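The following blocks contain the structures, represented as structure tokens.
Each of the two complexes below includes subunit A, the first together with subunit B, the second together with subunit C.
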Partner chain A sequence: MLSVLITGLAIGALYSAAALAYNVMYSTSKVLSITTGHIFMVSSVAGAFLIGDLGLPKVVGLLGAIVIAIIFGLLTELIAIRRILARSEDHLWLLSTLALATIVQQSIGLWWGTEPRAFPRLIPQDFTAGIWDQKYWLVIGTVALVALGLDLFYRHTLFGKVFLAVAEDPFAAKARGIATDRIRAFSYGIAGFLGGLVGFAAGQLTFAYFALGLTLTLFGFIALAAGGLGSNLGAIVGGLTLGLLSTFATYFFGGEYQQTIAVGLLMLFLLIKPEGLFGNKQVRHV
Partner chain B sequence: MRRGFNAVKFAIGGCIAVTLAATTLAAHAKEEGPIRIGWLSSLTGPLSSAAIAENMGVQFAVEQINAAGGVDGRKLELITRDTIGDPTKAVNFAKELAFSEKVSFIIGPVNSGESLATVPILTRAKVPNLIIGTVDELTDAKKYPYAFRVINTNEQWISNANRYAIETLKHDKVAIIGDTTGYGAASAKHAARLLEESGIKPVYSVLIDPNKTDVTDEVRQARDAGADVIMPWSASTGLLARILNARGNMQWDVPIVGHPALMGLPIRDLLNKPEYWDNTFAAGYVSTTYDEQGKLPPNTAKLMEEIRPKLGGTIDFTFWWVALGYDTVKIIEYAVKQANGSTDPDDIKKVLESTSNLEGVYATYTWTPEDHNGFPDSAMVLNLANTFDDGSFKVATP
Partner chain C sequence: MSGLSKSSLKMPVMAVLLVSLPFWVGNTYQLHIATLIGSYWVLICALNLAVGYTGILSIGHVALLSIGAYCYAILSGTYDLSPWFAAACSGLLGGLCGLLLGLPSLRLPGFYFAMATIAFSMMAMEFSLAQDDLTGGGAGLSVPPFPPPFDSPEGLYWLVLGFAAVVSFLSWNLVRFMWGRAMIAVRDSHVAASSVGVPIFRLKLSVFTFSGVAAGVAGALFASLQSYITPETFVFELGLFFFVCIVIGGRGSIWGPFLGTIILAALPELSGSLAHWGQFFYGVLLLLVVLLIPEGVGSAFVLLKEKLRPRKREKQVVNPDLQRLRAAIALQPSDDELAIPGQSGSSTLKPFKQRG
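And then the complex of A and B:
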């Protein structure tokens, strides 16, 4: 039973990280990008390619995967967000980010292959370590660090406060001389960094697999909806709840109920508490 | 008046005669043109590795037959469409090939899910369809009279593996693991049903999402349930590798017997340790199994040497895909020859339904008016999963 708990925590941490990446991008752009899960996928494939195929040192693989994920984040903002937001208030970003996510996924499928491929062992450790295996703890630890880092960044740095200002009221922030467009692009870079780091750390758990992105996009969104859009604490709690719930559900009832339970959780929150556990109610004063 | 009536009768008679003659000539002309074969492949997208290898066999057979002068002097014309493994695309291409391209035969599609969608369409279009999907429902001599299966059925894979686990390995505490895809779920249920028919109730049965990142819990549950053999029915390489890794990490040396994907090369790279692939047996074929002297059946060896230069010398994929693709075209050649050059669907149906022991590379085929599954049980074997060598495998020994 302990192994079910650890597996659930590790998977949940991954969902939490996807939800955090959503939040970072959403805070400055009010966009829920379909490419969110793909950042993690790009990183794990890049890591496996750099270390496994090219034989580069693990540190270089990590740095390379993060840089590629950051570039992907910045390109998402440039290609699928910036012009769309400049021209339209409608939710056309849903289509533009879906298009970009599809292009990236299919391109990687064509180049890397559609079968999952191995991710290298990062720390020397025997495979019989059971619940202490690095494939669980690397992702749990990394997500904990990332969540802590984000909190410190937002609360204790001037740049973080600029982010919060843009998230709170972009027009007022712009009136105070903040380059909101640049902050938005920067937030996509941060999401890239976050996704790059966690995607690499979770590589042994997920394998380097071209279709991972869409799964994380969906489950990250469910975690976010459950935890509350805009709340990082909500993202963590939502992700861990979803991970534990789906793992225990699979253990007791079988895998055929895993998706139903996940989407059921989403429906439950949308119907009963649409703002999520820690989200703010959208109140419009008239 | 009488003369006038006769003149009208003569004119009508003449018109009928001219029309009949024109129709006959047209039909004759059609029979003299190239034999058009539609090939619904999934050269890109998921499961493309099987399709790419099958395509090599199909292309090679067409080139070989055309180089030898064609079928009774008529060249084969192959019209390939890439369905990307998508049933919707497969349906659209099947309609295009049948109604616009007016092909005489269709090979494929590659995946059973696509075939389930195209078989009824091709039946209505009266196009002889060579089935290369394993799902049992794809052939039915009454419902789909022009569909003839070249590959084995799913039931043949399962029965073969069940027999090996129970009769050869003498294990009857079976844990069945399927995946949550339509194919995985149906196969797992089928496997459980066949076991129960032979008096064995699986001690553990589970369906797992093929993208689930860790299956340690399920494998542990199988062990706790007292299983002495694991039988996975999934084509998902990732899931199969995770089952092998979980078993290895738990240091539980229980045999794994199941789907041919267990011996696919992509598995090797996903294993934590190479030895995690030991004690693993997969449903395979006599045609791609080495005998005790390390030799392949003569037909396989011949095709392999003929096609090897085209493959760049090394064969780094399962060769039975190539043999299957090759045989589909050779079956068309045989059917047209036996039908005296006719490609009329009813003539082809008649020929194939009276075909007995047609020797191919992949298998020796027999179809009857009642049974359109041409692949014999005797062409199946259990392979040692980790013995891939030059496209073929060693026979399983306990």
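And then the complex of A and C:
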């Protein structure tokens, strides 16, 4: 029972991280990118490749995975977001990020193989550690650190406040001399960093698997929608709830209906409280 | 747009070509591909009403296809009912599932809806794997053919062609008249559409349910063509393929997605390396189209034609009747309160004078 709880917390932390990455990108660009989950996937595959296949030291593997994830984040902004936003057409970004996500997922699938592959152990530890196994606590710890760091960054640094300003009102921010385009690109880099770090830490839990991206994109979004779009607290609460719920549902009813339960939660939430637990109502003036 | 004489010539030629396809096609495999494209088209044509006309971004339509396919396979195979009855049930069940999916999720904004359809396709996959006494689980289910004369490859082709023609005709009829206008209005602006009295939610729900019915029927045809189905047949990427066909072909037309379907489905068959790169290739194509020609490949031809043979733009110069305008202004009572309109009137006259 305790192991179910820990598994749920770890998976929930991963979903929370995906939801946080959504939030970071959404706040500056008002785009929900389908590539969100793929950042984590790219990082875990890169980590497994650098450490497992090339035999590089773990620190190099971590740095490499993060750098690759950041580059992926920046490329997403450059390729799929910038031109679309400049044209300001509705929902075209959905198609462009979907296309990019497909390209990345398929090329990783072709190069890395479509079977999940093991991620190397990061800390020397016996495999009989049970609930104290690093594959759970690395994720939970990293996500907690990342969430804390993100909060400190937004609240207590000038650069973070610039982000908040752009998120609040891009036009006003631009009028005050903030380069909103560059801030937007930076936010994709930050999402890449976040995804890279957490994706690497979660590698042992998720395995290095090419189809991880779409799952995380979907479940991170469900966590975000339940918690409230734009709210980091909501992202964490929603992610943990979703993770715990789906693990316990698996424990009690078997693993066949995991997705169904998660989607049921999403639908219920969106019907009762469309803005989510901690979100703001988005009222549009006509 | 094109002249009546041109299109009235195009349609019969096309029809003759399509009907006689089994006689001039090279081998049975190519006929199989043609039938496959036809059964895809039954789905895509109706999905085009949702994606291309109404702007409902349904990515996971493959779920409805799989529901139709399994319904047909179970009813006609396991329970040994008439295939026609089973196919009708597939359509009904597809429509019902579309309705049930649409009821909560069509109220959501675009991205939320797209995510809900992705989730729905994963759910359908999960169910077909989990309910193994009904669907055969991962091992799959064999599907009986339609009764003669539709059990031969040619017969099945003509059957699929018939269904495709019916669905195309239905959606062509829809888009030409009030419904089509309403759908385009909803796609382009919710606010404008509802302000002229378009029932947005009901319209979306009807269109989506119709696409569900077509997807169910397409599933029955598809299953009978494949003659053996497993959950792996209905992967999420197939749903993406349908979506890409429509977006690449161009939103808001029937010909564009039709050509898109034929080209995208036939290309991987032409060369082995393309089949290997299949989904990657679709992704690249989608990205290029979205970035360069978001109106679809069809609009590229129009643009090219404009470039090569530019239309003469008629100059439309508005010549104001200054005499009458002055007279009208002079008629205005020039009280102190009304001095401002008079002033602004005289100031707006200046640009006219400069132009004239």
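As a working rule, the second predicted complex is superposed on the first by the 282 of 286 C-alpha atoms of A that agree within 3 Å, B and C clash if a C-alpha of one lies under 4 Å from a C-alpha of the other, contacts with A are read in each partner's own complex, and residues count from 1 in each chain.
The rule we apply is simple: a contact is a pair of C-beta atoms (placed from the backbone, for glycine too) under 8 Å apart; a residue touches a chain by one contact, two chains touch by 3 or more.
All values reported here derive from a predicted model rather than from experimental measurement.
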Sticking to the clash and touch definitions up top, decide whether subunit B and subunit C on subunit A clash or fit. clash
Would you sort A:Leu110 into first (subunit B), second (subunit C), both or neither based on which partner it touches? both
Subunit B versus subunit C as contact partner of A:Glu256, first or second or both or neither: both
Thinking of the overlay built on chain A, is A:Thr206 touched by subunit B (first), by subunit C (second), by both, or by neither? first
Run through 20-28, 56-64 or 92-100 for subunit B and report the one that clashes with subunit C in the overlay. 92-100
From the superposed pair, tell me which subunit A residues show up as contacts to subunit B and also as contacts to subunit C. 110, 256, 258-259
Per the touch rule above, subunit B residues touching subunit A in the complex are 44-49, 179-180, 185, 206-209, 211-214, 216-218, 220-221, 237-238, 241, 245, 248-251, 266, 269-273
Give the list of subunit C residues in touch with subunit A in this complex. 55, 57, 59, 104-105, 108, 110-112, 114-116, 118-120, 122-123, 126-127, 129-130, 191, 236, 240, 247, 276-280, 282-284, 286-287, 290-291, 294
Subunit A contacts subunit C in the complex at 32, 79-80, 83-84, 87, 89-92, 94-96, 98-103, 105-107, 110, 214, 218, 221-222, 225, 256-260, 262-263, 266-267, 270-271, 274, 286
What residues on subunit A touch subunit B, complex-wise? 3-4, 7, 10-11, 14, 109-110, 113-118, 121, 127-128, 130, 133, 135-136, 205-207, 209, 211-212, 215, 247, 250-251, 254-256, 258-259
